[in-house]
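Take a look at these structures.
You will see subunit A twice below: alongside subunit B first, and alongside subunit C after that.
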Partner chain A sequence: MESTKSNPTLSQDGFWSRLRSGLARVPVIGWLAGGLCAVMVEYFLGDALSYYLGLPKIPVLFGFVTMLKKPLLIPSSTAYVILVYLIPLVAVGLLTAGPANRLAAFLHRRALWLSAIIHLVLLYTIIHIWSDISDYRLLLLKLTMIAIMLTLSINVINGYMGEFSCSHPGFMALGAYSASTMTLILFTNDKLFGPALLPPALGPYCYPLALIFGGVVAALGALVVAIPSFRTRGDYLAIISLAFMFIVKSVIENLEFVGGPRGMGSQPNWSNLPTVFVWTVLCVWVINNFVRSTMGKALNAVRDNEMAADAMTVDTRKTKIVTFMFGAFWAGVAGGLFAHVLRYVNPGTFGIQKLAEILAMVYFGGLNSVVGSVVGAVSINLLSEMLRPLELFKWIVIPLLLILVMIYRPTGLIAFREFDVRKILRPKQ
Partner chain B sequence: MPLLQVRNMTHYFGGLRAVHNFNLVIEPGEIKGLIGPNGAGKTTIFNLITGIHTPTEGQIELEGQSLIGLKPHQVASRGLGRTFQNMLLWRHMNVLEHVKMAQYSQLDYGLLDAFFGTPRLQREEERVTREAMRLLELFDVAKYAEHLVGNLPYGAQRRVEMARAMATKPKILFLDEPTAGMTPEELVQMIGIIRQVHKDFGVAIFLIEHRLKFVMELCQSIQTLVFGEVIAEGPPEEIQNNPKVVEAYLGKEDIT
Partner chain C sequence: MEFFLQNLVNALQWGSFYALIALGYSMVYSILMLFNFAHGDIFMVGSYIGLGIATLLLGLGVSAGWAMPGWLVLILTIIISMFLTAFVGILVERIGYRPLRDAPRASAAITGLMIGIILETGNLALLGARRMSFPPLIKSVTYDFGGVFVTNKKILIVLVSLGLMYALHNFIQRTKWGMAMRAMSYDYLAVPLMGVSLNVIAPMTFAIGSGLASAAGILYGLAYPVLDPYMGILLGWKAFVAAILGGRGSILGAALAGFLLGFIEIFVAMIFPSTLRDLIAYSIILLILTFRPYGFFGQAHSTQLRL
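Let's turn to the complex of A and B:
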């Protein structure tokens, strides 16, 4: 700072604007390369670095938890984050901008799917290495990805079709319980259902089927909300969907064969990181395809004006049924994954608390937007973990943040934005 | 065979008789008008024929096939396009999406295609987009294709709505007060557009209007509706001089 004092405005302006224009030229693949470098640095040097900086161990969540617990460690945690994440990310991003752009241009000319797969593999490698540091990170990542699925699937109903549906925890519960029941009966020796019917070695291969089964059950349950939606909208449908959630919860509480209020445990540990990642990607891809097609745009037409949609040959009933079942399907799949991540579910999990969480994520991130859902799910999830040391105050800070977002961006952070993969992955000159 | 035939249509809202014994015959390529004071039941007649309400009594036939009991989207897919008095555009959708949306029933792909983005979906989307752009050019709103409808000038919104209605490939076009809220210049433009649609697409047109001048200029035949009943029917000159119509619009001459 001292050295630039002689001509502060000019040199600072020059530096920052050059940095900004430099960063603007980094394509997504360049950022991914930077991210890969950062997590590699942490993987190999993290322990040593945290020792020299006087940190008890590698800060798990970008140093936030450490900072809030022990304010004296703020400088060293900040230094750690800058050294391990910021510098490699920016440096590699800037330095490889040229080749990365050429690579992106090459991929851009080739098939889109190839480019997308390469990006996804890079992304997966990053999160895999990052989560290798601790089990806590692994769990957090899985739950975040499940939250992305939930947020996106509720966005289809609440955002794209504009119904206020509160039944998502119910759909999730249906999926979680159906998928768990299937895996427990068929592949596990457990207290509730006795010995496995099929050899457990087959299990991991049939796990997707169990998840799809969970999704289908949830989709069938969604009919209970979809059919009233032909005749009623808005507040009344919200009440119906809320009732649905409570019905599901109390039905499960009273079903003794799935454990009743005690819940259901000992699910096999099949929701590993790659499985959850693949399902999340699949969910984002399918939902994005759907909402961008003309058939999916019918959701918006029904939301903005149902009478006009009907007069323009849109089958509004079919659209509503499809939307509810489609949203519920993905919520069910997410529920199945969730049950196999925690390896224990009880009906209490799928109550009003869960609903508040999901709604907060979708409205924070932004309605009618795939990117918004991802941003909302990731930020609310990470925030609530990072602010954990604040204990009670966490539930003041996060709602306050939500209120602020609602004041300044009433439809959420990134609302009404199309998610065009081709545009995102393109080279930036 | 007439294109559209409505026979003895009567409709009650509870105890209120909104339409009484309404008859209508529309031949291919004809322009017909329906006039009447406020609250006469003009829009109700539109809503009855397009399937939003089901008439209490009477028959509605399009090319000899009954439309009674069909849902509005089914009626629309059979060739009965319409516009609305207050337009009812979709405010979060852009102009191109409006015209693509109206081709919903012509989409030749299923849900699975939409989920997985198959080549078939891409082919269809391209076809629908081409068709939509053609219509937008025709209605002179192609330059707004990527704009949200809310940001367009009023006249352009009206043209978008018309393009949207034409995208459903109608055999008859129902226009509900197409000049509502328009300036005199826009009105002249609108007459041009309707004539052009009539000529280029060869559709029959049935329109509701308040402004007598507009109806007189466009329509070959006019029906006058008062309190749900047709009081006069015939070519424009005849209607203009019909004492009953004059009475309905201007009131009775009070001699005493």
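Let's turn to the complex of A and C:
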């Protein structure tokens, strides 16, 4: 302390290093508390603050869209972000570091599920309050969480098993259409299928069943790709999966009873935020356990050397079939959720464009890593929304960014990293 | 019978586009063991470059007071734009593929896809969203061969593409550079030790493939004179399928499979309603690949994924 007082430059250095070491001591639950404070501040003071800062309304996406649209508002939106998000987050995080660490240590000694549930409830509260400000945020959050599910499920096939599968939009389409057909036939009065067969009040309770049905149909469809994968891999499998995607799209276009090329609309509005959140958490949890199980290690063995894996008693056929069906199941569930978020799907949605988007997310985030998938899905989604004011040039900026990531980190940003919940939630002191 | 022959002519024309584009995919694969996913968009760029050159030449002719005959403009357009598009191919190799030569193959596939998106969007940003029409360089004449109607454009398209394929075959089989390319596709680790640089051969392969794609683009513009920035997606992916179907890295296989794909599509559309065209074409491909997983001319050597 004495030396820092005697030398002013050192004291400044001391402030930053003290801040950094202080921030390093904040456990996850402390950050969550800070985030909760930040969104509360925005919820109660956001309108007034943006009025005094001269902003037309609360900046929806951390001020990025406002900044790109009206460069004159850059100082005030930066001030808004600092006042509303940064200061509460850091201040509450630092101030509560002590109690938060004690709480984290207390939870750490108890069962993991209890600790995880408390963290998740906090996280859900934060995103609920954050998304309460505008419907745009709500839609963006739902689509981002669905993107997380899609990215994770393709990472199981492309990252962990090392195939280059291009059939994910097809699986998603199967899930979306089967789940929508089920909810429309059973629980909704609509133009396409006529009156509901069961009382519509039952609908929201049976909605998970419809999603699971969609997932199962997608998993059955995955057999078409999985069985040829016994004999071939690499580019030929890429083509087979690509052909599968085109076939699914074309079959749906030719099926008149699901609307054909006109698409299928008026799905009930059951994909609300809690539903999507619960399914996303479930998906992350199940996939994380799957890839850390014996089966998950078998996947890596098949990727690195199929023949050696076979010699080491890995049943490669079973591994491939299970993995394809597992990945496709989650893609189907994500598709079902997607259909009920947008409440309209058409076959054109599930084409090459969607494929490029999904592949971009998984390779940007990182192969063979659950955290990487989450990061990739969230960053590509947020980025493409934040850069929306650039209009056309958005599609030059994002691909360029992806090319740079591929050149400097060919396996993605956070690749080959284990996702250990216990390690993340542990106290930092 | 006449109906059949008529469709055969159409299929030959349609297949020659696929074959010319598929050759580019296949050549790049044989050298780098990678598919150039931007190739479909290079086809689009080539077509637009052809449009620009043709318009320029016609305009020059008008301003000089001597209107060039259409066939001369066409020949010049094909030659100049093949040359220019070759540089686009070299650029794609330099930016998207050379830095990733030791990376996992899937990463290079992603850069290819992204360069494709950049080319499409760049075109939209430069030229706007309106569709452009290719100038009709030669007058359409229809010949009647006993009930089968053949236009001179169709004959021209098929002949030019067959001629280009023959030239490519001769180049690869007869010249020193062709020999270097064949050697490189045989073993890309040992051949650089013999003094043939991969950094020369790989751009050359991209250049030749892009030149062929540009020729295909101009011929496509002659037959279907409406160009839009996304035209490369559909034809490119189908030609990619043809390249795989022919056996990866096999030039002859790619050409044959290109024609075969054209035949399948035209005849499916002839017999069934045309909305089923993609469905049946891809189902046939899926069946062929299930029973012959390495394509028509591909070897069943086990390739390790470099991941």
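What we mean here is this: the second predicted complex is superposed on the first by the 420 of 429 C-alpha atoms of A that agree within 3 Å, B and C clash if a C-alpha of one lies under 4 Å from a C-alpha of the other, contacts with A are read in each partner's own complex, and residues count from 1 in each chain.
Keep in mind that, in the parts below, a contact is a pair of C-beta atoms (placed from the backbone, for glycine too) under 8 Å apart; a residue touches a chain by one contact, two chains touch by 3 or more.
In this text the structure is predicted, and so the values were computed from the model without any measurement.
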item: Partner chain(s) touched by A:T294 [first = subunit B, second = subunit C, both, neither]; value: first
item: Contacts of A:V322 with subunit B and subunit C, given as first, second, both or neither; value: first
item: Touching partner for A:G234 - first (subunit B), second (subunit C), both, neither; value: second
item: Subunit B versus subunit C, judged by how many residues of subunit A each one touches; value: C
item: Touched partner set for A:S250, first subunit B, second subunit C, both or neither; value: second
item: First (subunit B), second (subunit C), both or neither touched by A:F416; value: first
item: First (subunit B), second (subunit C), both or neither touched by A:V286; value: first
item: First (subunit B), second (subunit C), both or neither touched by A:A308; value: first
item: Common interface residues of subunit A - those touching subunit B in one complex and subunit C in the other; value: 303, 305, 307
item: Residue numbers on subunit A that touch subunit B, as the complex places them; value: 286, 289-290, 293-298, 300-301, 303-305, 307-317, 322, 368, 416
item: Complex contact set, residues of subunit A against subunit C; value: 158, 162, 164, 224, 227-228, 231-236, 239-240, 242-244, 246-247, 249-251, 253-254, 303, 305, 307, 352, 356, 359-360, 363, 367, 392-393, 395-396, 399-400, 402-403, 406-407, 410-411
item: Subunit A-facing residues of subunit C, complex; value: 29, 35, 95-96, 99-100, 103-111, 113-115, 117-118, 120-122, 124-125, 233, 237, 240-241, 244-245, 248, 275-276, 278-279, 282-283, 285-286, 289-290, 293-295, 302-305, 307
item: Residues of subunit B that touch subunit A when the two form their complex; value: 50, 52, 71-73, 76-77, 81-82, 84, 88-93, 97, 100-107, 109, 111, 113-117, 121, 125, 128, 164-165, 167-168
